[in-house]
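Following are the structures in question.
Each of the two complexes below includes chain A, the first together with chain B, the second together with chain C.
Presenting the complex of A and B:
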């Protein structure tokens, strides 16, 4: 195993890189669509379009979405999408479906009076969202969002299906050469646990620091 | 609502820009003097990634030699799995596949395969961890037993003729080792080259040969090419013939411990 440190490090880099990209995209798209589809802002037409999107994103397994993004979408559009971009795009598309729902539920949980108070005080919509609505919504949805981000970290192992050598596939390659599955799989499991623990710590810190105002 | 409109516009612009960027790049990747070959690492000694992070193996040496002989620039594209490789070949994303793929009647009906290694295989080994149970003399004695097999492989096709055997699909054939070692499956049904690799590492593995019907026999290992690419098939065939004649492929076999 020691001999393979450099390839394991490469695998870790790809896994964490893919996770960072997909989680940023997922949070951005999810927040945007969650805001648009909340019951105080969205028009019926827009809400139904977004519901259709979340239905598709949540209903198709991420594995199939990756294959579609890599093989079918480029054939339809006549472009050549690199494997990493296709896989990250598909994972972001899939995860955004969940973050949209989480975000929408969080915003809908804010009492109507908060929106009315903002309107009475003459706040523009951007200030309403930034100063009043989103901070309160985040407080409610932080655990669910954290769970989605952790799930996304583990889903990066699906990148292997189209040949991206991320952490799990690096392990499979080592097994194929050395035929020692138990120690390799245990090492990979240990590494994922470390990343999950680090992510968990960051989420807990953010919850305390930014959401509950504790220091 | 203005903020939201601008954000949506930004996302659409980013997506359109990405498509334009990738479209421009894709044009330069494939040209007449480039041979784009699909592989899937994690199949040692045929194709794997070494400790330095480079592709190596018997297939990598062979395809490098083929590309050199054809005076083409070789581009390797790792696609991870058999299904992805076949889809990529179908969609013209790659020119050929090299992945220790056995030549079978089934595959020859769908694609051209240029043989570069191996002889006709008339039996597949059934691997057991430790002793082969006394009551098992042939595969017909394996009623209600569980056998690991790689889905869509030649072994899978053969096993489907024995409906009384429970098949356990494994994503990677190396996972079959875990299953027989920990008693999750009674046996594993694999390629002869894989059996040789497993037995070299674990001498306690025993094998039982299962004779193949003529339609299931394999005719060596080949490079897969779309049947319509007549010129490429001819070029690869000529290159492989030259390499075999000059004993280059035989030297690679010795280097990677492949063959008899």
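Presenting the complex of A and C:
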């Protein structure tokens, strides 16, 4: 295994890079769609459109979405989409469906009175969201959001299916040379566990930061 | 002075307030009394634009309420909710400072004004507590402080004694009398006649979305039949 450290490091870089890109996109899109589809702000038409999106994003397996993004979308659009971009785009599309639902549920859980208090104190909408509503919503949704980010980290292994040499694919390549799968798969599994534990620690720290008033 | 002229509010095709006219005067405490669902809270909410006004107008010191910007309106009228609605993610000090920061004050000025106001209401020692760590009476004083920080000319309180014990109610009476002495326009909706009797200068009796009677001073209360009847019910 030691001989393959540099190859494994490359695989780790691709895995973490894909995870970072897709989680940023998922959080950004999910927050935006969650806000505009919450019950206090969204119009019925807009909420229906966003519900349709989340239905599609959540209803089709991520694996199938990656295949569609890599094989079908370029054919339909007549453009060449690099494998990495197609896979990350598909994962972000899929994960955003979940983060949108999580964000919307978190915002809807904020009592109407908090919005009314902001209004009577002259907060513009951006300040209401930034200073009062989203910080309170994050307290409620932190565990669910953390779970989604962990799920996304593990889903990056699906990039292997369209030939991207991320961590899992790197392991498979090593096995095809060494013909000894046990130590390779155990190493790969161990690495995913380490990343999950690191992410879990960061999420736990973030959750503690939002535990206001519960000393 | 606040003038409400021919105000009608309908929600989901149901008329909550019907052609209501009333006024709130500086240095006087105006109470709105009536049974549950009479429209007292809706009237106060209309004054801060929390409900859609179907007809009529609200004039504050010769300025139409709907001509004021969102921000300017909040500087004119402070509103204390029945359940206080303090921001649960902010400490007592931050609850008072944050609206000032949103209104453009720098950190030092906002902090000074917030601390001064909290001191007036005896809540300075609780500045680092979160709302969930305070009692109902303490939360209410913070809510009043938060509204007063913006130096409004009008202060509205919705059912302020609904969750207070007699000691906190007595403290609230003292606070309101002090604010009245500062020429603040105070409007209160309440069903608690023991509390209303201690503080009111004027009382409007509301029934089924209409103002039935005005008692313009404690000396006239015996002449106000509907109010007398409500007190004795």
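By our rule, the second predicted complex is superposed on the first by the 209 of 215 C-alpha atoms of A that agree within 3 Å, B and C clash if a C-alpha of one lies under 4 Å from a C-alpha of the other, contacts with A are read in each partner's own complex, and residues count from 1 in each chain.
Quick note on the criterion: contacts are C-beta pairs under 8 Å (C-beta built on N, C-alpha and C of every residue); 3 or more make two chains touch, one makes a residue touch a chain.
This one's a predicted model, so the numbers in the text were calculated from it and none came from an experiment.
Asks: Quick check on the superposed pair: does A:60 touch chain B, chain C, both, or neither? Answer first, second, both or neither.
Replies: A:60: touches no partner chain.
Asks: State whether A:12 touches chain B only (first), chain C only (second), both chains, or neither.
Replies: Neither partner.
Asks: Could you tell me if A:173 is touching chain B, chain C, both of them or neither one (first, second, both, neither)?
Replies: First partner only, chain B.
Asks: Mind working out whether A:131 is in touch with chain B, chain C, both or neither, as first, second, both or neither?
Replies: In the superposition, A:131 touches chain C alone.
Asks: With both complexes overlaid on chain A, does A:85 touch chain B (first), chain C (second), both or neither?
Replies: Once the two structures are laid over each other on A, A:85 reaches chain B alone.
Asks: For A:165, decide between first (touching chain B), second (touching chain C), both and neither.
Replies: In the superposition, A:165 contacts chain B only.
Asks: More residues of chain A in touch with chain C or with chain B?
Replies: In the superposed model, B touches more residues of chain A.
Asks: Under the contact definition given at the top, report the residues of chain A touching chain B in one complex and chain C in the other.
Replies: Common interface on chain A, chain B vs chain C: nothing in common.
Asks: Residues of chain A touching chain C in their complex?
Replies: 111, 113-114, 116-117, 119-124, 127, 131-132, 135-136, 139, 210, 212-215
Asks: Would you pull the chain B residues touching chain A in the complex into a rising list?
Replies: For chain B paired with chain A, touching residues are 1-4, 7-8, 11, 18-19, 22-23, 25-26, 29, 40-44, 48-53, 77-81, 84, 87-88, 91, 93, 172, 174-175, 177-178, 197-198, 201-202.
Asks: Touching residues of chain C toward chain A in the complex: what are they?
Replies: 48-50, 70-75, 77-79, 81, 83, 85-90, 98-99, 102-103, 130-133, 146-147, 150
Asks: Using the touch definition up top, name the residues of chain A that touch chain B in the complex.
Replies: That would be residues 3-4, 6-7, 10, 29, 32, 35-36, 41, 67, 70-71, 75, 77-83, 85, 125-126, 129, 160-165, 169-170, 172-173, 175-177, 179, 181-182 of chain A.
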